[in-house]
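Next come the structures, one after another.
Below, subunit A partners subunit B and then partners subunit C, in two separate complexes.
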Partner chain A sequence: MGRRENKLGILGWLKLKGYSIEKLMYVAQRISGVGIIIFLLAHILNVGLVYAPTKELWEPPGIIGKAVLVILGIIVVFHTFNGVRLILAEYGFIVGKPRRAVYPYKMTSLSGRQRLAVYLVLAVFIIIFYFWIMVAFNLLGW
Partner chain B sequence: MVMSEVRKIKFKVFRFNPAVDALPTWKVYEVEVDRGMTVLDVLLKIKEEKDPSLAVRYSCRQAVCGSCGMMINGKQRLACFTRVLELNSKVVVVEPLNNLPITRDLVTDFSDLFNKEKMVKPYIIRDDIEEMKNPTGMYLQKPEELLEYLQFADCIECGLCSSACPTYSTDHLFLTPMILNKAYRFSVDSRDKGLQYRLPIIDSEHGCWRCHFAAACSSVCPKGIDPAKSIQLLKKIITSAGIFKRMRKKEVQLTLRPHAAEPPT
Partner chain C sequence: MKESTKMLLHYITGFLILITGATHLIANNLVRFNWIKDTLWYPMSQGVFLAAVLYHAMNGLRVILVELFPGSSSGKIISIILTVVGIIFFVFGLYFLLVIFGGR
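Up next is the complex of A and B:
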């Protein structure tokens, strides 16, 4: 009847159950990257329309525009910090050294300095997320 | 005294025969499972007592041959290395490995992986051909040189890492963790001088740079190989070799056998 390739496609990226937190970070990095590109294209279109054909002056963003900018700021912060972690990991600086595989197995790429870097990225992300929202909506009274 | 702990567990098994079926089907078998029984034991019990047409690939039953990799409750596992009661679920779902073509039922086709493995030259390459043909001595390694690749040499090629890899699910040509681990294991061996011959494959568009460190491979590896680590270390040695033109400094020297210089009598 036919061969079944059994490829998961994009669903393979989104399958998180049973895997480590690094896979969640991988998906978040991809989605935030796509989000930044979409914003960039929309931003170019927006700026182009404001100045070229309509000659209207730029107005400060309303509540929806502000929300978009807040989300953009958050995903840029995440993408940057996680990107630094990935650069360090991908050039072998934080994934650990080769060692004997002794049962019960402990993967150094899923623990130690690399896992610490994951938690650091998440901590920085949450702190900046909090302040970003507070500042954006004038909740700090500055 | 160890008490027996028999429980009735439902096994939802993926069934597909490409020669007959247009679409896969699921069959549910209820099996009495004892303490210590593995998923492979249960599948063989189903095969013997309930449905002899079920296709399962296995050989050693002790996590050494790497034949019985399958999706068990949605995660890549070795059937012989997974105890049913430890899964702690009343229904155990068993499927063939994701991202690999299905031969039949739970058996998947590894030919794509093995073809890619041949491409990365998984053997020691040396330039002293005369010595290879007529050996006069040995290449002795220090313990630290052995430790460089020992962890990665434990690979049983079960394919769980490649099946879990999110890049392989969208890029069919990606070399996959199993193969990149193999390439690193040989490239970092102090007896090997073959990195330059492997570079055109592993440093290509579908080579190691497609890995974005989701580390799914390491979270499913049943032998503690840590393929995510070996791929990142592979990137490191490729960068050193490519940008800094720095190949490995340490190289093993040929240690002549005591009587090698003497003519044969």
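Up next is the complex of A and C:
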């Protein structure tokens, strides 16, 4: 099976050394996506089976349950902003124009506005992360 | 359906989630904005939210799984399973949206 030779599977996500920061964002987008899916399906079942008949909202109990919701909020914020960046990059709005390959071979499609968007996403994420942690500390009663 | 059509729908539903999901979070978590839930538009936007978020979730999962298990036959199996799961959760969610909002 020749095509399996280069197959790293899910372990390939952990290989970040030597890759650009976009690889880190790609992995984070996938992990956060899977996390949100798990919450989403559990939330639909929870609301449907517990809230709809009794009109009482069930929330995960204890400090671990609250911590899960706090982490979920952070994950959703990251996934949203990075997702907007990915849509813009996909349709070429933030990707630089291609250029003739002359020494020193700087990739305009990866640097410039595209890279700026990555830093912007990280900056917005860190700012909201800060405020969210402030809210979470009140929520957790620390 | 072409792969590019699936991804275009992925981005369109992503944008829809941005709007309807924000409505969902604001209306349910901020006491000042609880009145949104009493409007007629809210259940309708939540129906859109349910459909969009389930398509986005299942397509996202499909993209991950297809990358991890390449090949056209495994791709078909993954697509069928995720479509069935998505439809089950959509019917389930829509039924309970009607139970919750249908009584007024």
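Rule of thumb we're sticking to: the second predicted complex is superposed on the first by the 119 of 142 C-alpha atoms of A that agree within 3 Å, B and C clash if a C-alpha of one lies under 4 Å from a C-alpha of the other, contacts with A are read in each partner's own complex, and residues count from 1 in each chain.
Following the convention adopted for this analysis, a residue touches a chain if its C-beta (ideal position, glycine included) is under 8 Å from a C-beta of that chain, and two chains touch if they have at least 3 such contacts.
This one's a predicted model, so the numbers in the text were calculated from it and none came from an experiment.
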*Between subunit B (first) and subunit C (second), which does A:T108 come into contact with in this model arrangement: first, second, both, or neither?*
first
*Can A:I87 be said to touch subunit B (first), subunit C (second), both, or neither?*
second
*asked:* Contacts for A:I10 in the overlay, against subunit B (first) and subunit C (second): which applies, first, second, both or neither?
replied: both
*Between subunit B (first) and subunit C (second), which does A:K23 come into contact with in this model arrangement: first, second, both, or neither?*
first
*asked:* Quick check on the superposed pair: does A:G96 touch subunit B, subunit C, both, or neither? Answer first, second, both or neither.
replied: first
_Chain touching more of subunit A, residue-wise (subunit B, subunit C)_ = B
*asked:* With the touch criterion stated at the top, can you tell me which subunit A residues are shared between the subunit B interface and the subunit C interface?
replied: 3, 9-10, 30, 90
_With touch defined as at the start, can you tell me which subunit A residues reach subunit B in the complex?_
1-13, 15, 17-20, 22-23, 26-27, 29-30, 86, 89-92, 95-96, 98-103, 105-110
_Parts of subunit B lying in touch with subunit A, wherever the complex brings them together_ = 16, 18-22, 24, 73-75, 96-102, 108, 147-152, 154, 164-166, 168-170, 172, 188, 211-216, 218-221, 223-226, 228-230, 232-233, 235-236, 239
*Along subunit A, where are the residues that touch subunit C in the complex?*
3, 9-10, 30, 33-34, 36-37, 40-41, 44-45, 47-48, 51-52, 80, 83-84, 87, 90
*subunit A partner contacts - residues on subunit C that touch it in the complex*: 7, 11, 14-15, 18, 50, 53-54, 57, 60-61, 64, 68, 70, 89, 92-93, 95-96, 99-100
